[in-house]
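Before we start, here is the structure in question, set down as C-alpha cells.
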Amino acid sequence: MLPDAPELLSLFGIGVVLTLLVGFYSVLTSQNLIRTLIGMEVLTKGVTLLIIVVGYVVGQIALAQALAITLIIIEVAVIVVAVGIVLCVHKHTNSIDTRDLGNLKG
Amino acid sequence: MAGTDTMDTMLDILLVWLLVGAAMATVMTPRILWSVIGLAVTSAVLTILMFRFDSPLAAVFELSVCAGLIPAIFISTISLTQRLSPEGMAERRREKWRRFGLLPVLVILVGVALMQVHIPLDFVAPPAAKETDVRNVLWHVRHIDLVGQIAILLGGAWGVVVLLKERKRAA
Amino acid sequence: MLSLLILVPLAGLLLLNLPFTPAMKRTAWAFAFTVALAQVAMVLVAPAAAWSQQGFLAQYFSFGLEAKDLTRVLLLAIGIVMATTLMVGRSMITDDRQQFNFVNLLLVSIIGMNGVVLVTDLFSLYVFLEVTSVSSFILIAFNRDLGGLEGAFKYLILSAVATVLMLTGVALLMLVAGGTSFETVAAAMKTSGGITISQMAVGAFVCGLFIKGGLVPFHGWLPDAYSSAPAPVSILLAGIVTKVSGIYALVRLATSVFPASGAMNEVLMVVGAASIIVGALAALGQHDLKRMLAYSSISQMGYIVLGLGCGTPLGIVGAVFHLFNHAIFKTLLFVNSAAIEQRTGTTDMNRMGGLGSRMPVTGVTSTIAALSTAGVPPLAGFWSKLIIVIALWQAHDYGFAGIAVLMSVVTLAYLLLMQRRIFFGKTSPEHAGVREAAAGVVVPELVLAALTVAVGLLFPWVLNTFMLPVGGIFH
Amino acid sequence: MNESILLIPVLLPLIAGLAVLAIRGPVRLAREVVTLVVMLANLGLAIYLFGQDLTFVHPWAGVWGGIAMEMALRVYQFSGFILLAVAGFSLLVALYSWKFMADRSYGNQYYGYMLISVAMVNGAVMADHLVVLLFFWEGLLLTLMGMIAIGTKDAWKTAIKAFIIVGVTDVCLMMGIALTGWLAHTLRMSEIAAHPLSLAGLGSVAMIFMTIGAISKAGSMPFHSWIPDAAIDAPLPFMAFLPASLEKLLGIYLLGRITLNLFALTTESWVSTLLMIIGAVTILLAVAMALVQKDYKRLLSYHAISQVGYMILGIGTALPVGIIGGLFHMINHAMYKSCLFLSGGAVEKQAGTTDLARLGGLASKMPITFTCFIVAAAAISGVPPFNGFFSKELVYDGALERHWIFYAAALLGSFLTAASFLKLGHAAYLGKRDPANEGVKEAPMAMLLPMIVIAAGCVLFGVYNPLPLHYLIQPILGEHRLEGHDFAGLPANWMLVAATVLVLAAALVNHLVGVKRSGSGLGAADHIHHAPVLSTIYDWAARRFFDPYDIGMAIVRGLSLFLWGIDRFIDWIYDSFIVTLTTGLGWTVRLAHTGNYSLYIVWSLVGAAAIIAFLMRIL
C-alpha cells in the first residue's frame, strides 16, 4: 500500500464520483438516444479510472491494467449493439427521441 | 513518474478538474457533434491520468479505442440519423441552461460535500502483486476473460448482422 | 473437462461461421441442440472425476473453473431451457437465414451462461454476465420491431447501470482484498469484512446483481423486455438468463464469498418480499399474457431471494430448489404462450377465449405449470415453496412467511384467471380455425410438464441427490 | 311386593298410547275402549299404591362427577295422593271425551297423547331422582304441544308458543336442578330431603330457578300467555285435562316438594315474600282479565291462571296453615275447574258456540249441566259450603298472618272471581234465550256423568273437609310441621268468614247493578271494563303489550336481524373489499410503471443507495 494512498484515494475518489454523477445526469435527463449512450460512456470512463487508481494504490497495477483492457473491449461490444438498436429505432420512427421508447407500460 | 509531493498533488488536482470539466462539457454542449468530441477529450485526459499511474498499456488501449473507435462510431451514427433542423438547434441552445444548468451546481455541491466525508481505510493492506507484467497477467491469470472477450466480440458482430443487415422482407 | 462446457460452443461458433463451409450452416441447429443435450446428459450422468479441473486440457486452459452442486443444478437447468428454446425457435423462426443467426446468438448465450456458472472470479463473473447480456439484447431486438427494440434498449441501459455498480464493487473489493478471485475476496472478507469500504463494495455488487435479476426496486426493464421479445427468446430469458445472471450469482456470493451478515440477510428478505408483493399485484390485472408471466417471474424470483435471505441451510436448499422448479414451469408457461402466439398471433388475453378445446395439450400443460407456480401439491412448486416457508418459520421470520403464503393465494388467483380467460369460455370468432401448436412446441410442453409432475412426485429422491448437497455449501 | 311394580303406571299408559297412535283406519271405538280400560287400570293401581312407601332404584348411567345417575321412583304419601288424583281426573276426562271427540278426525292422536301424558305425569310424580323428574317433565311438554296442535286449523301457532314458553322455563328448571345437584352432591330427592339446602347464596338462586320451572308448568302469571290462546285453539277436553288439572297438580306438587323437601323455606327469607308477591299479582291481574272476556272458554282459562295465584300465595307464606291451604286449594281447584271446563264443553257441543253473546237461557234446556255449573261456580267463588271456601279460608289465614296486603289482594281476587262467574252464569244460562239455540238438548250421558261425579266431589270435599285434610293433605307436612294444629272442620277465624260472606254479597250487588245498567247479563262487568284508568290498561292488554312471549319474540327477531347484519358484513369483507383492495393495489402498481426507462433507473439508483447506506449502517 503506497504511503500517500489515502490522499490519492480521496482525491481521485471524488473525481470518480463526480464523473459518475455527470454520467448518470446525462443518462437520466437526455432526450436524445445518442446523448444517453454518451452518458453511458462517461460512466465507463469513471469506473475505469477507479480501477486504475485502486490498482495503483494497492500495487496490483498489472492486474488493474488487464481488467481495464477487458472492460474497454466489453464496452465497445455493448456500444456497438446499442448503436445498432438506436439505428433500428431511427429506421422505425425517423427520430432518435427517448420519448418514442416509452410505450411499453402498465 | 512518481513526482515530488506538492508539485504532484497540484498536477493531480488539475488533472481531476480537467477530467470532470471535460465530462461536463461533453454532456452540456447543445450540438451532438461537440458532445462526441468532448467525449474524446475526456478519454484523452483519462489516458494522461493512466500514464500518471504508470499503466501505459491500458492508457494506449484507452486512447486508441475510447478516443478513436467509439467517437468514430458515434459520428457515423449521427451522420446516419437525421440532422437537427436549424430552429431545433436554436431552441436547443435556449433550452440548454434550463436543462443542464443544474449540473455544475450539483457537481460543485457534491465535490465540496465529499471533501468533508472521510471514509476510514482501516484494513490490513493486501500483499503487492508478484506478477508485474500486464501481458503475463492477461494471458496466465486472466485466461478466462480472453475467452469471454472473444465471445462478446462475436456476439457484437452478430448484433450488427442481425440489427443492421438488410433483410429480404421488412422485419 | 469443465472448460469443454465453454470451449465446445465457442469452437462450434467459430467453425460454423468460417467462410468456406456453407454446408456447415445447415447443421448449426443440430450442433447447438446436441451441445444442449450433452450438457444435460453430462450433469445427470457424468462421473465425479469429470467435475474436477484436471485432464489433458487443464495444462493449456487453467481456467480456474469449479462446479459445486449448486452449479450442477444450474447447468442442468441451462441445458434444459436451451434445448427447449432451440426446439421452439426452430418451429417458430421459419426463415433459415434468421434461424442461423438465432442459433449463433444462442451459442453465444450458452457460452456466457456456462461461464457465469463455472467461473470463480468476480471480474470474470462480470465479463460472462456481459456476454449473456449482449446476446440477450440482440435476441430481444431480433425481430427489429419497435417493441422489441424498446425492450432491448431498456435492458441495455439498466444493464449499463448494473455494470457501473458491479465494477465499483469489484474495484473496492480489489482495494480491500488485493485480488478479485472468490478465495482471496472471501479470505479478506473474513478479516476485514465489517469495515465500511467492504460493506459499500458488497452492497454495490449485490445491487448490480439485483438489477440483472430483475428484483423489485430494480425490475423496471424486466416486464418490457420479456413481453416485447420474440416468443422463443422470452422462453430463454424467463427460463434461465435472469436466474443465472441475477439469482445464481447472489446465491453463490452470499453463501460462500461475502461475509454472512444479518444486515445482508435483512436486505435480501426485504427485496424478496417486495418482489413477491409487487410482482403478484401487478400481474393480477394484466391483459398481455407475456407481461403477466413476466411479473409472475419477478414474484417467484422474490420467493427464491426470500429463501436465500433467511440464511439457514434449509433456506438455501429451498431457494435453489425453487430456482430449478421455476426454471422448469416458467419455461413451460412461456412455451405455452409461444404456442398461443404461434397459432393466434396475439398475446392479448382479452381477444383470446375457449382455446382449451382447440389446443388441448397447451391447455393441460399450462394448467400444470400454473398450479405448480401457485404451489399446489403434489407438483414441484409446492415442495420448494414449502421448504422456503418452513425455513422462514424456523428462522422466526413469521412476517415474511406470512407474506409468502398470502401472496401465493394471489398467485393462484391471477394464474387461474389467465387459464379461464385463455382456455375456457366461448371461442372468439377470429380464432375459430386454430389448431394445436406445431410439434416443435408441443414436444417441449409435454417434456416440461412431465418433468414438473415427476419432480413433484419424486420429490424425496430429487431432494436427496440434488438439493441437499447444495445445502452443504456452508461446510 | 317387589318395587318394580312402580314401573307399571309409567309403562302401561305409555305402551297403550303408542299402540293407539299406531292404530290406523276406521276401527270404531277401539281407541276409546283401550283408553278407558287403561285409565281404569291406572286408577286401580293408584288406589292400590296409595298410602304405601315403595322405592325402586335401578342404576342408569353410571356416576357423573361423583353424582350417581340412577332410575329412582318412589311412592310415598304425597306422590301417592297426586297419583290418585291424576288417575281419577284422566279417567273422567277420557270418559267425557269419548262422546266429545266422537266426530273428530284426529281422534287417535288425541287419545294417544292423552295416554302418554298420563304416563309422563305418573313418571314425574313418582320420580325420586331429579333428572328422571326432568325427563318425564320434558315428555309432558311434547304431548302438551301435540295435543294443542291437533286443535283448530292454525292451532300450531299456539302450540309453538306454548312449546317456547314452557321450553324456556324448563331450561330454568334444568339449571335449577343442576345447581341443586351440585350444592347437595346428590340428585336423589329423598337424600336431599334428609337435610334440605339452606337458602343462603346459591341455594336461593337454585330454588328460584326450580320454582320458575314449577310455577310455569302450573301456569302462573309471567308464563301464562299460552293458556288463553290454547283455550280457543286446542280441543276442549285437553283444557280440562291438562291446564286445568294435571298441569296444576304436577306444578304445585313440585313447588310443594321444593319448599318442603329440597329447601328449608323460612318466613324471613326473601324467596317466600317473592312467591307471595307472584301469587298475589297472578290472582289480581288474571281475574281482572277474566272479568272482561266475552268467550266462555277464555274466561275459564283466565280463572285457571288466577286460582294458581292462591296456591302459590298459600305455599309462599311458608306457614303450615298457608301450605295446607295451598295444597288443599290445589286439589279443589283441579276438581271445580275441570268441571267448569267440561260444562263449557257440553255447551259448545250442544249449542255449537262458546261466544257468550250468542248464548243465553240454556238453563231450562240443559238442566244437569246448569246444576253442575252452579255447584262448580259456587265452589270456585268460595261460597261457604263448598270446598273452595275452606281452602281459601286457610290461604286467607296464612296471608293475613304474614301481611294484610296479601290478604286484601286475595279478597279482591275472590270478589272479582265471584262477579265474573255471576256474569258468566247469567249470560250463558239465565236471561232470554237466543232464537238460534232453540233446538238445544241436554248433553249425552257420557259427558254428564264426569261432571256430576266431580260436582259431587266438590260438595263432599267442602262439607266433609276433614276427609281430604286428614287423609290426603296434612300427612304431607308431617306432625313436626303442623305443630299440633288440625285445620280440618270449620275455619278457626270467624272474622275471616264474615269478610268473605260480605265480599260475596258485594259481588252479587255489583252484578245486579251491572245488569240493570247494561241491560244484559253479558254487560254486567262493563262498568268496570270502561272505568277511566282500567280501560287504558285493558286496551294495552288487548294489544298484547304485556305478553312476555311477544316481547321475547321481538327481542329474538331484533337479535337475528343484528346477527344477519354481521354475517353480511363479513361476507362483504371477503367478497368485495379484499378483492377490490387487491385489484386496486394491482392497478396502482401497474400505473407506477410508466414505461419511461429513466424512471426505472431512478428506482434502481435510489434502491441501491438505500441498500448500500443500510449495509454501511448509516441508515
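As written, the chains take the letters A, B, C and D, and residue 1 is the first residue of each chain.
By our rule, a contact is a pair of C-beta atoms (placed from the backbone, for glycine too) under 8 Å apart; a residue touches a chain by one contact, two chains touch by 3 or more.
All figures in this text were calculated on a predicted structure; none of them were measured in a lab.
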{"item": "For subunit A and subunit C, chains touching each", "value": "B, D"}
{"item": "Relative to subunit D, chain with the most remote C-alpha centre", "value": "B"}
{"item": "Euclidean distance of C-alpha centroids - subunit B vs subunit D, Å", "value": "105"}
{"item": "Separation of mean Cα positions, subunit B and subunit A [Å, integer]", "value": "6"}
{"item": "Interchain centroid distance [CA atoms averaged], subunit B/subunit C, Å", "value": "32"}
{"item": "Approximate Å spacing (C-alpha centroids) for the pair subunit C, subunit D", "value": "82"}
{"item": "Junction residues of subunit A, two or more chains touched", "value": "9, 23, 27, 29, 44, 55, 58-60, 63-64, 67, 70, 74, 77-78, 81, 84-86, 88, 101-104, 106"}
{"item": "For subunit D, residues that touch 2 or more chains besides their own", "value": "590, 593, 595, 597, 601, 605"}
{"item": "Residues of subunit C touching at least two other chains", "value": "123, 127, 130, 134, 137-138, 141, 144-145, 153-154, 157, 161, 178-179, 196, 200, 223-224, 286"}
{"item": "Chains that touch, pairwise", "value": "A-B, A-C, A-D, B-C, C-D"}
{"item": "Interfacial residue positions of subunit D with respect to subunit A in the complex", "value": "590-591, 593-598, 601-602, 605"}
{"item": "Subunit D-touching residues of subunit C, taken from the complex the two chains share", "value": "153-154, 157-158, 161-162, 165, 196, 199-200, 202-204, 206-207, 210-211, 216-218, 220-221, 223-224, 261, 263-264, 266-267, 271, 278, 281-286, 410, 413"}
{"item": "Subunit B residues touching subunit A - in the complex, by the definition given at the top", "value": "5, 9, 12-13, 16, 19-20, 23-24, 26-27, 32, 35-36, 39, 42-43, 46, 49-50, 53-55, 57-58, 61-62, 65-66, 69-70, 73-74, 77-78, 80-82, 99-100, 102-103, 106-107, 110-111, 114-115, 118-119, 121, 125-126, 128-129, 131-134, 136-138, 141-142, 145, 148-149, 152-153, 155-156, 159-160, 163-164"}
{"item": "Subunit A to subunit C touching residues, read off their complex", "value": "9, 20, 23, 27, 33, 36, 40, 43-44, 46-47, 50-51, 54-55, 57-60, 63-64, 67, 70-71, 74, 77-78, 81-82, 84-86, 88-89, 91-93, 100-104, 106"}
{"item": "Subunit A contact footprint on subunit C (complex, rising order)", "value": "123, 127, 130, 133-134, 137-138, 141, 144-147, 149-154, 156-157, 159-161, 163-164, 167-168, 170-172, 174-175, 178-180, 223-224, 227-228, 286, 291"}
